[in-house]
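Given below, in the form of structure tokens, are the structures.
There are two complexes below, and they share chain A, which is joined by chain B in the first and by chain C in the second.
Up next, the complex of A and B:
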């Protein structure tokens, strides 16, 4: 599997993402620049990593969504390519219209820098194949604007089509208001595109991929991708 | 020609910033303040001199970038 990680001015989580992908796939991801107008031939996965692209000016991810490489990323997704957006990357995916809804300011108005737990809502996707359905894993959140919003009709459609990938939950897997620190609609932490190949999520699974540094809770997500895209 | 684009959170979209401002005003002793909503104003200096065309250009900019119409509404006025 050949992954490419896009760097925008203000991106700061690309190295952790690269380590996570390398650990799962054995291959070093390519680093792509926001001004690029095409993806390298043979790209199987594009990752939009976390950070504060363009200083979060206007709205988080709004500027990045208009940058030259995003046209190539949208074309890639349109052809059935896999795209993972984490944190600021999730914000970019919604701003670019590749995923529905938007990420609002956290309901508490506080920047949240803490661990959370997420329940895996389905295990038959390229991102979650190594989890059991209903499994709970820990990840770190670090965001000021992670409060997922969509209108009721969109939320019902996401639920009905099984496109909610991950929900904030207690370590025991209960979806409660207390586990939903940023106030997201219906505890949504991550959503998928209808073809299940685009995933956006706010917490950082790439933080937990090394047994010597805070455990490997996030590693199955990357291993799932490696397995799903192994043939590619 | 100067154009003002006012971007506001849509009705029904949680506006924690507006709420916090409302609480702060109450804390300062200002009475009778109902709902507070916080948005932003973007001032554009356009080369266009025809008011109608300036307005429609600014509306296109608002739809494409200045507002996220999933969560925000906008209003364009000539300054």
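Up next, the complex of A and C:
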């Protein structure tokens, strides 16, 4: 698997992501620069990592979504490439129109840094193959604007087409309001593109990949990707 | 007051060609006006006389500004330096002690930890969000300017009572500010401490600490060398914000402090993030001779200190300074405390390499001058000479005061048997775990990203010290980690500053030890009141004495620090608060233990329990008395007990460990239980002490360990001469007290967690 992580000014979780991908694939991902206009040949996964691109001084992800490299990323996704956007990367994907909806200010109006649990809504995607459907895993969340919003018709379409990948849940897998700290519509933590190859999610599975640090709850997501892309 | 060294006489300064017949002079202030302004800028009359003697003439406005900030308490440490010299600063593992931007210690594998703590007290009261945010930004720069990538932020906060005027807004703003800055720059905020006390009602304390990692052979310093080498300005543009901030930080507050709001700087963590990346990228080349951040007193202190340390002169053309606003004067540019700026000396011919890196990161880059051999700082602006000051006397003749001190009167020792228990053990515990100084800090740390970087092994609340693995060690196939903590118990320091100073150092050492870490060195942040009052200076001197004794006994030297004086509002001072930031190392992160109590284990208490109730939280919260001598710190016992605990942890025999500190033994056990939800059944204490003194006394040098079997541990302890006793066994969901009183852990945890969210609910 040949992964590339895009660095924007203000990106800050690129090293976490690189460690996670390296652990799952055994290969160090390439670091790509926001001003690049093309992806390295052979790239089969692009990751838009977490951080505060452009300080999040405008709408989160809005500036980064206009970066030169995002045109190449959109073309890549259009050709069926795999794109993973985490946190600020998810915000960029919605700003760039690669995923529907928007991420609003957390319902608490505060930055939320804590563990959350997510229920895997389908296991037949490149990102979730190593999970069982309905499985629950723990991840760090760390964001001020993670409150997923879309109009009712869009939400219904996402649900109807099975594009909701992950939902905030209790450790036992119940989808409750209390488990939905940022106030996301229908507890949505992550969504997929119709071809299941673009995933955006707010929490950080890359922070739970190492038994020495904080457990390996997030590792199956990266192992799933490695498996899917090795087979591809 | 005695002055040391003696003030220069009217014969003029001893060094430097100050009057320099024929030297061009800038536009000078009129004598009366200059003296009046000097007073307004905080220079005392005798200090201003020294300025005149050094220059041999009146100063220009810019020169007066430079003297006043460089000689402010904040920059010159004029009241504290004579005492700080007593602190031990050396050890075989110390690479850089006090005097640089941050301290540096060897942590093995060719790596170094670079760290410092610094206060932003005054700005944080005036404008809490920006004051706290820029405090974080400033301390980050102190660390990465030395070539280190910041890997952890910590803080030490003291707030007034939440019902005091404005205090909830201050708490909310400070927490948001620390989070807003640290979260954005992507450095995890992994630890800290918070106290509440009415003596901070008008003067909260915000102390921020950063720890970074560098290669031990790639440490950058500030000493400028090389005549003709370019002086380069990088980072954000200079604006009019923060002018005279260092002077503000050197005076007491009064009712008009609101009017000082324009002296608080505005932080831009995005620019800081770019600056970190650009500086570290440039540092990987060989272009840099010296580098320093523009912190307090901005361009003035950075240029003066860099040239001064290298024994050079420096000449700047201020027209080249990147400016945010039109029409800025030389005075404004030199005194601005605009954030996210650095000054560097480059090797000749490396400007293009450096500029390309800063342009890539979309930051300003400007050559604003060069080094000279004159030993003077010369400033030009719009073709005019604005300042011409000899550097040596600016530093060597800076005021240095050995101010009068008055000893704090000794408090009586409160005998354990002399205080009746008004409520019983269970109810007291339930109240204590929800009290302001002991309640859960989750509301705070839930707003700080503690995980970014992917190396945080023990996050806030998980262990006595935060544990962060060193990524550079991982890359070498290792798993080395740092253990970090901030500590101080100000109520002890007020009652007995010397014991309090000892205790602050000892507790930092203990907290690192309780994780299995080997404590290596500290940074200190000395927060005190008005040093011109003998009782305050006496507190300072005694605290330093106690700290020095503890540092020596525990091999825990001071490698960096910061002093914040004049923490008074309307003449009322804060509690003396020598906050300690400790750093230790674990050879393998897998050795680290936390405090969460697993089921089915024996609980063992290490250390002697005398039932010391003086200055305990039980005495204050339950008996309503804030008095008595604080618990004495027996440094030999501290060392012996701690070394024993660490060796047990490193042998893999300890499943959880927590020091017994604030609130005493039962609070320590309850904190372990609440962290996991597991209960414990406690044994009957040995006879001789009232139960409340045994369970809530705050004797020092104690740890609670959870181990599979107490017997071999007790045998080892006896062999090592370490007091130890079996305290009970973990299991179930309740804390079962001797005699059968049962406290559900969930109920304790609910009380523990409820306090701060309830208080802060109305802050949105």
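A few notes on this one:
Quick note on the criterion: the second predicted complex is superposed on the first by the 230 of 232 C-alpha atoms of A that agree within 3 Å, B and C clash if a C-alpha of one lies under 4 Å from a C-alpha of the other, contacts with A are read in each partner's own complex, and residues count from 1 in each chain.
Convention: a contact is a pair of C-beta atoms (placed from the backbone, for glycine too) under 8 Å apart; a residue touches a chain by one contact, two chains touch by 3 or more.
Predicted, not measured: the structure shown is a model, and the values here were computed from it.
In the superposed pair of complexes, A:150 makes contact with chain B only, with no contact to chain C. In the superposed model, A:52 makes contact with chain C only, not with chain B. In the superposed model, A:107 lies in contact with chain B only, and not with chain C. Among chain B and chain C, the chain that touches a larger number of residues in chain A is C. Contact with chain B, but none with chain C, is seen for A:62 once the two complexes are overlaid on the shared chain. By the touch criterion defined above, A:207 lies against chain C but remains apart from chain B after alignment on the C-alpha atoms of chain A. Shared contact residues on chain A (touching chain B in one structure, chain C in the other): 109. Those residues of chain A whose C-beta lies close enough to touch chain C in the complex are 9-10, 12-13, 15-16, 19-20, 50-52, 54-57, 109-114, 140, 142, 144, 204, 206-207, 209-210, 212-214.
On the side of chain A, the complex with chain B involves touching residues 58-59, 62, 66, 94-95, 100-102, 104-109, 147, 149-151, 183. Across the interface of their complex, chain A is touched by residues 176, 179-180, 183-186, 268-271, 273-274, 361-362, 445-457, 459, 469, 471, 479, 589-590, 764 of chain C. Note for the complex: chain B touches chain A at residues 12-14, 16-17, 20, 65-66, 68, 70-71.
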